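The same chain A turns up in both complexes below, where it pairs with chain B and then with chain C.
== the complex of A and B ==
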């Protein structure tokens, strides 16, 4: 049960990508995988089709001028739709927004003009030889799910932050832990208390039983004791 | 310090920070956020403290989220595109082209080499063109440049009011080709080389064929003007692509990924210049090259001036740093 207070950082089990900021903070980014990105792209594709369709009907009424405008429009929508949305809307095209995704540089900063232009121009290679074949392969084998354009431009597609709601801690009398706890043990105990609302009672007592012996807590009301320790860690004892 | 004390002590500060974030994210009045960087750094400190003291996951996660959002705002890309554009056109772009002269030279050799080489071949052995372009397309093309037809361009009976249509078409078509030529470079340069040679061969074949059947006057007077911008732009797009490819083939002391990122950052600037060239080319093609009121001699003269100007621009512009930059 005893371990050093600052354990050496292990490779994470999940797909989180740590970025260290100039302030010395490790920010965890959560790269988005192939499926969700494909969905976002499909939404964008549909939206582009819709925009073009509506505008073409409007332009058809304008005759020749409309035709010229129409081809300018195809150009703008096919090559610039993504770039403009990504740069001006902080990395979110409508499809990405819908799926809760965002494009950022490798260092977690919002995507800029050159990186966005690059990743969208190189989409042409990702599409080859048909239907995003190269892009999908690259995305599947890369640790942070980058397609070729992302590799060259140094960008990531990550999940945006979801607002957190404060978990309600179960009521218990605050008390001191019987033995000094390490940081990770403290966090484990707090996590146990915070997540109790989402767990079934059987699972709660099963987890509590694991902690009972090393913490030298008597068997019958382990859960209440653990909650008490967690409360004690948070507030006055 | 216990977590609840820590929270109650800094709560007001965090709420103020969240408000500032909200304002920044929605691009509202950003004059009152001068204290933002300081507040952000304090938040970073609080996060570090919370982690170091083993506070609960909820507190750490929500602080982390705030820091992440703050990071997005503080390090946001705010370079003004408009402000850097004149400097780029006046000096930055030609300097970049000269710095990358190896790739520019290679791309120009591939493109103009295949263009001129195949053009001469088709001129000497006219039937060669049918190896490259189907017969009915050749016939259609002949119709376009037939000296008997009044107005030049993609369709013979086109009126001046349709210039606008063609402008749009040229932009879409040509910039699309340039983008493809660039992007193909990611396939170890093979894609760029392919598009360069392919376009060179087709343009060469058309030029050789039309000269050989005696439509040379209409063809050359039509293309010489915008060719200065269009052909140079295709060659430069190819050069940018080859640079990408070369970073993959010979990354030097960097890893391939790192080398690719470095190369990409420079080559995307080349592509920006290419886009500018193609915009000018489409403008000239739609509004000047297609005019029949101008004598071919004037067109040749103007075209020669444009080519000369282009060469001078790429060779000498931006050699001395001066005020406008």
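== the complex of A and C ==
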């Protein structure tokens, strides 16, 4: 038998990758997988094609000189496009920016020249023997979705933080929680209040009913009470 | 289904992150997923290939068309594994025929080309919905994540083809050179189909192999998208925390109640007793977390990795166990004769012989080294000698004669100019001949000019030019012209020229001799 049933409980699977700083702070990074990276790469590829196409049309007017300049241009664009964008724009090439990705070192610091050069030079290995064959396999097998170039350069492609919009809570009278709550419980209560708009009313009351009895709230206005606690947790706004 | 048993962290994610979770899930159960997929699909593929040997494309097409049927197996495994009940390979395979029943026809015909196939499969297979109920569910599910699910399939199509072509290229690159020469591409296209059927079946087999690796990932990604959508829709993460909170509060209340009940009757005595035992008795006995429990848990935490990194190192060692030397000695008792022999050898009886052998061995080493150096001396020279030995200049015998003239230094008189002046009156030809002969001799012996036996006078002049002595060159030219005139044209130079040539000689060579 390949897998025994019910293995001893391991840490649950998560897409977060914790990096611990020397100060003992855990930085959660969210490595990006093959699918989104493939899309980002396709966008970059298209952009490069566009740039080259436009410049070639311009250079075609120059005859032989244009051909020579064109060859230089192919070299520059194919080898330096990614490196320059990554180093000078906080690890974001246009495709990555579009998909909300960025390249960082393994420890979460911004990517530097050597790492970026290495990971982009090794694209050549990743795309052996055809169309990123090795890169795709490595990306699917690696726990933090690294292709070979990333493994060699010690870099990581992560989701960047998107700016958050201020969530709106339903109107309720702020009140104190009857019992002390842990951080995750406070968060869950806030989430309950924030996400009420996306949930069906039946589901909302079902969730609220879970806490009705232990918090000793009468059944009909549990939702309002919980919203009140969430308001209270939020503090004066 | 109990959310608290989930083996993944449940929280709302972005769609791409949800897919990444699917990749992680497929990684975790990679062996089971891939083996079960291979066991199901590869025999089917083989059977199709054999049955439809003459039309490989059709076999391939049917195999490809049936993909939704195989996809139910990985989904079953993943859905079980999500809640920690990973099935064994045998269980999973036994389950497969049952999984095929619901709505197989639909998923193989009009739903075959749905781009969100893997995202919607759980609705049929895990929720068991059909008809209108299913439609409603799909409507709700597809409100948000439809785009991502379709992208997943589109990316999957491209990835499959890239990996497939990659496999073919890899196969082609691994062919030995001798075979490759026959494989012209035109011959592949134009040749009779029958010759290359096996090749087409081989490429089809590559596709089947690619699917073994990719398809479980595809199903897992669709499943994790589905999970994520339901997490968002039904706030699973909030439910999870609420349930834990409820459990905590209930057990607290229960514990408190118990404590109160137990202590109630004996309350006064307990109050009376407490001060007496206080210093030694463990404190905080009535809390949910007693001091002993907290002490234990702190100890347990301190034993764990960030504080203590235990490491077990296993190495091979010779079997003498210091722990029980008695047994070791008992083992060593047997070869008594060996110890006796060793003891005898240990004495200094054979020292002389040992010395001789040592000398012989060292001698052999030195001889061997010497022989090696001698044997490979060219090699050593090539690498050790920094300055390559120049090829020795070929020694050419000095020229003895030119134009039939004797160039030996001894054959010439000492005072050439004087001798020539004397000769001039009677034999001008001999006088000029003497001068020219002497010039050549001087060039040869004093200026180290290499003269070829077949050089003409003009070639000699050209060589003199290379010496970069203008006065010598001018004199030589002058002399050569007159010598040629008299030698070949029988024209005697004018009288004043005779004197000029002799003076020129004196000016040139008496000075040169002085130098």
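What we mean here is this: the second predicted complex is superposed on the first by the 215 of 237 C-alpha atoms of A that agree within 3 Å, B and C clash if a C-alpha of one lies under 4 Å from a C-alpha of the other, contacts with A are read in each partner's own complex, and residues count from 1 in each chain.
Quick note on the criterion: a contact is a pair of C-beta atoms (placed from the backbone, for glycine too) under 8 Å apart; a residue touches a chain by one contact, two chains touch by 3 or more.
Owing to the predicted nature of the structure, the values given are computational and were not obtained by experimental measurement.
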{"item": "Touched partner set for A:109, first chain B, second chain C, both or neither", "value": "first"}
{"item": "Contacts of A:72 with chain B and chain C, given as first, second, both or neither", "value": "first"}
{"item": "Contacts of A:129 with chain B and chain C, given as first, second, both or neither", "value": "second"}
{"item": "First, second, both or neither for A:191, with chain B first and chain C second", "value": "both"}
{"item": "Partner chain in contact with A:59 - chain B first, chain C second, else both or neither", "value": "neither"}
{"item": "Contacts of A:31 with chain B and chain C, given as first, second, both or neither", "value": "second"}
{"item": "Partner chain(s) touched by A:47 [first = chain B, second = chain C, both, neither]", "value": "neither"}
{"item": "Common interface residues of chain A - those touching chain B in one complex and chain C in the other", "value": "181, 184, 187, 191"}
{"item": "Complex contact set, residues of chain A against chain C", "value": "1-7, 9-10, 12-16, 30-36, 38-39, 99, 129-133, 136-137, 140-141, 143, 145, 159, 179, 181, 184-185, 187-188, 191-192, 195, 198-199, 203, 207, 210-211, 213-215"}
{"item": "List of chain A residues in touch with chain B within their complex", "value": "21, 23-25, 27-29, 64-65, 67-72, 74-75, 79, 87, 90, 104, 107-114, 117-118, 121-125, 128, 148, 151-154, 161, 164, 166-167, 181-184, 186-187, 190-191, 193-194, 233-236"}
{"item": "Of chain B, residues touching chain A in the complex", "value": "2-5, 25, 40-41, 44, 47-48, 52-58, 61-62, 64-65, 67-69, 71-72, 75-77, 79, 81, 161-162, 164-169, 171-172, 175-176, 179-180, 182-184, 186-187, 191, 244, 257, 260-261, 264-265, 268-269, 271-272"}
{"item": "Contact footprint of chain A on chain C as seen in their complex", "value": "6-9, 13-14, 16-17, 19-21, 23-29, 31-32, 35, 84-90, 151-152, 155, 158-159, 162-163, 165-170, 173, 213-214, 217, 221, 232-235, 237-239, 241-246, 249-250, 253"}
